[in-house]
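Look for chain A in each of the two complexes below; its partner is chain B in the first and chain C in the second.
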Partner chain A sequence: MNRKKKIAASLGQLVIPLVALAILIIFNLIRDPSFFSIGMRTNNAGNTVLTGNLISVIDSASELAIIAMGMTLVTAATGGQDISVGAVAAISGAIFVKVLQSMGAITGTSVFVALIASILVTILFKLFNGTLVAVFNIQPMIATLILYSCGRSIAYWINGDATPQLDSPIISSFGKTIPGVPIPTPIFAVILVGLFLFLIFKFSSLRLYTQSVGINQAAARLNGINPMHIKLLSFALLGVCVAVAAVIGVSRLGQLNHKTLLADIEMDAILAVAIGGNNLGGGKYKMSGSILGAYIIQMLTTTLYAMNVAPVNVKAYKAIVIIIIVVAGSPVIKDAVAKLFRSMKNSSTAKKGVA
Partner chain B sequence: MEDGIVLTMRGISKSFPGVRALNEVDFTLRKGEIHALMGENGAGKSTLIKVLTGVYPMDEGEIYLDGHDGAVSIHSPQDAQSIGISTVYQEITLCPNLTVAENMFIGRTSDKLVHWKEYERRAAEILDNLGIPARPNQELSRCSLAVQQMVAIARAVDMKCKVLILDEPTSSLDDKEVAMLFGLMRDLKSRGVGIIFVTHFLEQVYEVSDRITVLRNGQLVGEFKVEDLPQVQLVAEMMGKSLDDLAELEQIGQKTGSSGECVYEAEQLSSSECRPFDFQIHRGEVNGFTGLLGSGRSESVRAIFGADHVTGGKVQVDGKDVHISKPHDAMINGIGYLPEDRKRDGIIADLSVRDNIILALQVIQGMNHPISKAKAEAFADEYIEALQIKTASKETPIKSLSGGNQQKVILARWLLTHPQYLILDEPTRGIDVGTKLEIQKLVLKLADEGMSITFISSEIEEMLRTCSRLIVMRDRKIVGELTGENLTEAQVMKTIAGGTQQ
Partner chain C sequence: MNSNEKVRTPRLREPLTDTQTLLFISIGIFLVMYIGAILLLGGGFTKPQMFFDLLNDNAALIIIACALTVVMIGAGINISVGGVIGLTVMACAIFLNKTQVESTGLAICMTLLLALGIGLAFGIWQGLLVAYLDIQPFIVTLAGMFLARGLTTILSVNPVKATHEGFLAFAKLKVKISWLGYVAQNGNLIPAKIEIGAIVAVATVIVMFLILRYTRFGRSIYAIGGNRQSALMLGINVRRSVFWSYVISGLLSGLAGFVFLMHKPAGNANVAMRGEMDAIAASIIGGTLLTGGVGNVIGSFFGAMILATIQKIIALSPLNASWWQDMASGAMLAFFIVLQSVVLMRKNAAFKKKVQQTEDGPKNNNTEVKEGTS
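Showing the complex of A and B:
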């Protein structure tokens, strides 16, 4: 009983997203039993890779899942969201390409250096946001609106070329698959970033600090925590996530388009955090919820495309489903459901009493 | 319904998961009566009030109200209000960024159009009538807490209530303001309003109430006329035990003060909120800062802890020069601080009791040395046991605990850091008598074990019982220091009032 309760409590906010995901899966199975079939095929590069809708969902949700993780942290610490993640991702991509090109031939070393450079520069840009929020107490949405507006222009200035191309097997093994490995590389990136954050939480008390700052900044301060540092740190970690997502995005296409790279991802990332049952007002959070949210959003998109919904209409249908999920997770509905369960339980125990 | 009775609650029961909060409780309120509702934390006072005001549905029982045939059903605070039951809560529940008049009329007008000019005029009338020193167009946040409280009462009274519930209305008021509030209460009483008065201040109960209903562990202990129930007996009824504990406290008695070495010493310490002052405390000493609200007593200890912006001064801990400009500096020097405003500065509401307990220790250890889960659980268990914290489990969010138990959790947080100097600012505010005594006893015990403690309370009596030295403040300045035989209520009053020179 106690164990059961513990599991229930730890699931808590994940119930709604899990149910939503289950419904999506069941819906797809009924619609097209072969929706989840996974096959093997040989791609253009001559590699054997896994194919199928499920692989495609998990693969293409990677950038979103990674950014959603960072967004969760910023949300928890600051009680607000960073809406510049897409625009800053364009900058991250531009830095990656610029460094790569300036180093001449694309080799393992040059890709590594470019990746590190991209991460560092992105952290700086995110610290710009973080400073506005943590030091100047500007509302996160306003603070991040600045880079949201000008980020893609900055990305263009860095390269001075609309769509620089990257043609290299190393890049494609980053964005698609590594020869000999049938699973798309971006999936590993999600796992790596997740592991990176997991280890940070495991070997530091960042989680306790972040939640304390998000819930009660005054009390956190009186317990010796510096709320400013924690907020800056959360933005820096978001920077790491954005840079990694941007590099995957660039590598996937083999080119950088500063206008379209991870376009509109900020709203999906915020949505993923919300669908995961996290409070957008900050405080307690569950990273796993946000990751789940990211996959739900991608699953929804893929489902709609599989149903041959025209791309123009996809957003509208997506909106409908998202309304349902968000309303189902709202406190009003949650309370009503809890009440219903209680009365059902009461009546069943009453019946038992009679028998 | 009997004549003169305005409210009858009969056989009220209410359970929460795992707790029977109220068990067949009866309560009767007469017209023009001030009726004190007393009990320790968890006795069921709040639950009874919340059932009456429709915040919680009751499991069993009936509520009868004068002028209504049969039992009334109250499903929401709006229901309660519409049949004449108004509540003013301990924490001000008005909107600080609206004006006084807006606060008095918001949400209770049925007019389609809002006539703010008219409301302001009426508000002015009511404020004037009740002698409340506020202007209708003043922003509420610019009024003192006491005036905010009175505005809340004015709002309730103007809604033509028959039953007025005052839940800890005096906990943030000074004596003068309390007197004003009591004047207001007596005035309302003479107009026939029945007032339910929930408080922890015994003297206030005896000063203003006609009857007392005592609850204990969700059960009705009894209803008494004030004159039939001496104060000591009331305490005994509330605690459900003999007065041994009180006697025991007297025995531990006055600390003789300590001649041990100086643990903390400040010279001309000042902050953005307080003027320069000198202060020192010795090992095993309990001292106190006293003075009226706003005298600077809290600001002074906040400066010691580095909670406000420290602007100057020399500080020594254990005889060594140290620099304390932020709470973290104080903490690594073995200083702990339990803040005055538990809700605003103390608890991390959504986090578990466990996380709240380990927080300060975790910060002292540093972010890169997390306390393992097993260790955290052990710490939580240890202190829940040691301080008798009533909580469903250590995973329960602290916000669902009662005020006194929340305070114990914050106390546990600091005890866990084993500070050599602990500052307690109003640790007993809004806490029942039993817990109050427990905390006082704990303070004396800790001092006995060598901890230095600064204890601040608005109840002078409580400070006299625990402190061996009192620093008296007025107008943000230290105006006197009392020790030994000067530690009497009269002397404290005299010093506060400015009688030291004579």
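Showing the complex of A and C:
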């Protein structure tokens, strides 16, 4: 019984997103079962790859899922959101391209060096945000508004060229598929980043520290945790996520467009965190919820595309679904449902007693 | 302030409240910047028309900055304002083109009602979800933004230009003040021109200031933003006040849409793109805190003017390439935000020290001052 309760409590937050996902899947099954068909096909480069809507959902949600993981941490530690992730991703992409171009031929080592450089620079930019938040006590949304408004211009300034092209099998194996492996590479990137964060939390007390800073900063300080360090660290980890997502985004298209690279991803990432049942005011969090949220958003978008909704109109339908999900997950509705269940239980036991 | 006077010790001088400090900082920054521009750049800045141009061009921004200030004082946020402006402008432009109403006055009135109606509808459903269902305001209004932008493109993907002659004539009306004008090179006196939208914006700021300062609703919303729990214990109807703050915010976004249409009579999927972020920035620079309980619409007015002046200065300076503009305004934004935070932190630290020195000083004075202000 006790164990059952424990499992229920740990699942509690995930009930709404899981139900939403289930409804989306059932809806698609009824609408058109072929939505879930997975096939094999040879692509332009001559590789055999898996195709199908499901694969495309999991593949194209990769950047969002990676950024949502970092966003969860920042949300938990600071009680605010970083709205500059899309703009900073453009900078990371620009650094990646710049380093690659300055090294001449694209080889395994040069890609690795460019990736590391991009991650380091992104961490620096995120630490700028983090310093404003942690040291100067500026509200995260405002502190990150600065880079939100000028990040893409910095990316343009770094690169000079409007859309630099990257044409190389190594790049395409980063963004699409590795020859001989049918699964798209971005999916492995999600797993790697997830594993990286999982190991950090497994072997350190960072999770506990982050939550305690988010719940009550003063109490955390009195217990010997330095809130400043925890906040800066959460921004640095977000930086790693953003850089990886940006490199995937650049490699996927084989080019860098500083205006459209991961455009509007900040809103989707915050949405993913919220749909996963996390409190945007900070404190306790569940990263699995955010990842689930990211896939729900992508599933929804792909479903709408499959229903022939024009891409520019997708936002309106998305909004309606989001409203339904958050209303279903709101505390008031949850309480009402719980009360309803209890009264049903009571009435059934009362009847049994009479019988 | 009356409640504070009783607990005030004679040795402790009443400090400036956070709201007042931040308001003074933003007014000061605006004056320094404007005077600096007059001295260094000269040119257009020496003419009063420049000031009125800033007002004319940014009337909609000033109104949505007020819309955001109201919800931010109540510790909420509304990021749907830009989307609502876009939807309103598109809907009104299509309405004006298709309307069969003969009388110009009636057509304009109906357009205004349509604009306010759209804003009101968004305000009401967002307010219901935030206040009565306890959903996080960021998510509700994010959905509102998506909905408004999506509906705009569903109405029309292509830009729609308003061609209603009566409305265009009305939109071009300007108040002319000859003694603030200047003499052009050919010797003609060009009077200073103020658009109707700018007058509406200034009137909105004044009305909102009075509402927030002198009505029961305004007082409640400051108390709720300062501390929701204590506001509830004081017997304030928290849910109703929060609901009304979103309704007012929505209504003002609709009004801003109408003003935008008067300034640029064409609907387009990109109208007021990122308008919400500019409005949030204006409110923040004007001294409103996202955490609630502190803020002033007069400050938001100056915040919007500061943003507008920054852009104007950069446009007139040698660094007028588009990426330089973005980067320079980002740097200036960073400077102001940090300045604000440092001044506030130093002030509060000095005040805490003072309270500790006069040990009989009330311990929770700081929080009390925060709540009792406007």
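Here is the rule we use: the second predicted complex is superposed on the first by the 355 of 355 C-alpha atoms of A that agree within 3 Å, B and C clash if a C-alpha of one lies under 4 Å from a C-alpha of the other, contacts with A are read in each partner's own complex, and residues count from 1 in each chain.
The rule is simple: a residue touches a chain if its C-beta (ideal position, glycine included) is under 8 Å from a C-beta of that chain, and two chains touch if they have at least 3 such contacts.
Here the structure is a predicted model, which is why all the values come from computation and not from measurement.
Asker: Of chain B and chain C, which one touches more residues of chain A?
Answerer: Of chain B and chain C, C contacts more residues of chain A.
Asker: Would you sort A:I30 into first (chain B), second (chain C), both or neither based on which partner it touches?
Answerer: Neither partner.
Asker: Tell me which partner A:A219 touches in the superposition: chain B (first), chain C (second), both or neither.
Answerer: first
Asker: Just to be sure I read the superposition right, which of the two partners does A:L206 touch: chain B = first, chain C = second, or both, or neither?
Answerer: first
Asker: Now for A:A105: first (chain B), second (chain C), both, or neither, which partner does it touch?
Answerer: A:A105 sits against neither chain B nor chain C.
Asker: Name the residues of chain A shared by its contacts with chain B and its contacts with chain C.
Answerer: none
Asker: If we count contacts the way the header does, which residues on chain C are in touch with chain A in the complex?
Answerer: 77, 129, 132-136, 138-140, 142-147, 149-151, 153-154, 157, 269, 274, 277, 280-281, 284, 289-291, 322-327, 329-331, 333-334, 337-338, 341-342, 345
Asker: For the complex, give me every residue of chain B touching chain A.
Answerer: Listed in rising order, the residues are 305, 307, 326-328, 331, 337, 339, 344-351, 355, 358-360, 362-364, 367-371, 395, 413.
Asker: Okay, in this complex, where on chain A does chain B touch?
Answerer: It is residues 9, 202-206, 208-209, 211-212, 215-216, 218-226, 283-284 of chain A that touch chain B.
Asker: Could you list, by residue number, the parts of chain A that touch chain C in their complex?
Answerer: Going by the criterion above, the answer is residues 80-81, 83, 132, 136-139, 141-143, 145-150, 152-154, 156-157, 267, 270-271, 274, 279-281, 310, 312-320, 322-323, 326-327, 330-333.
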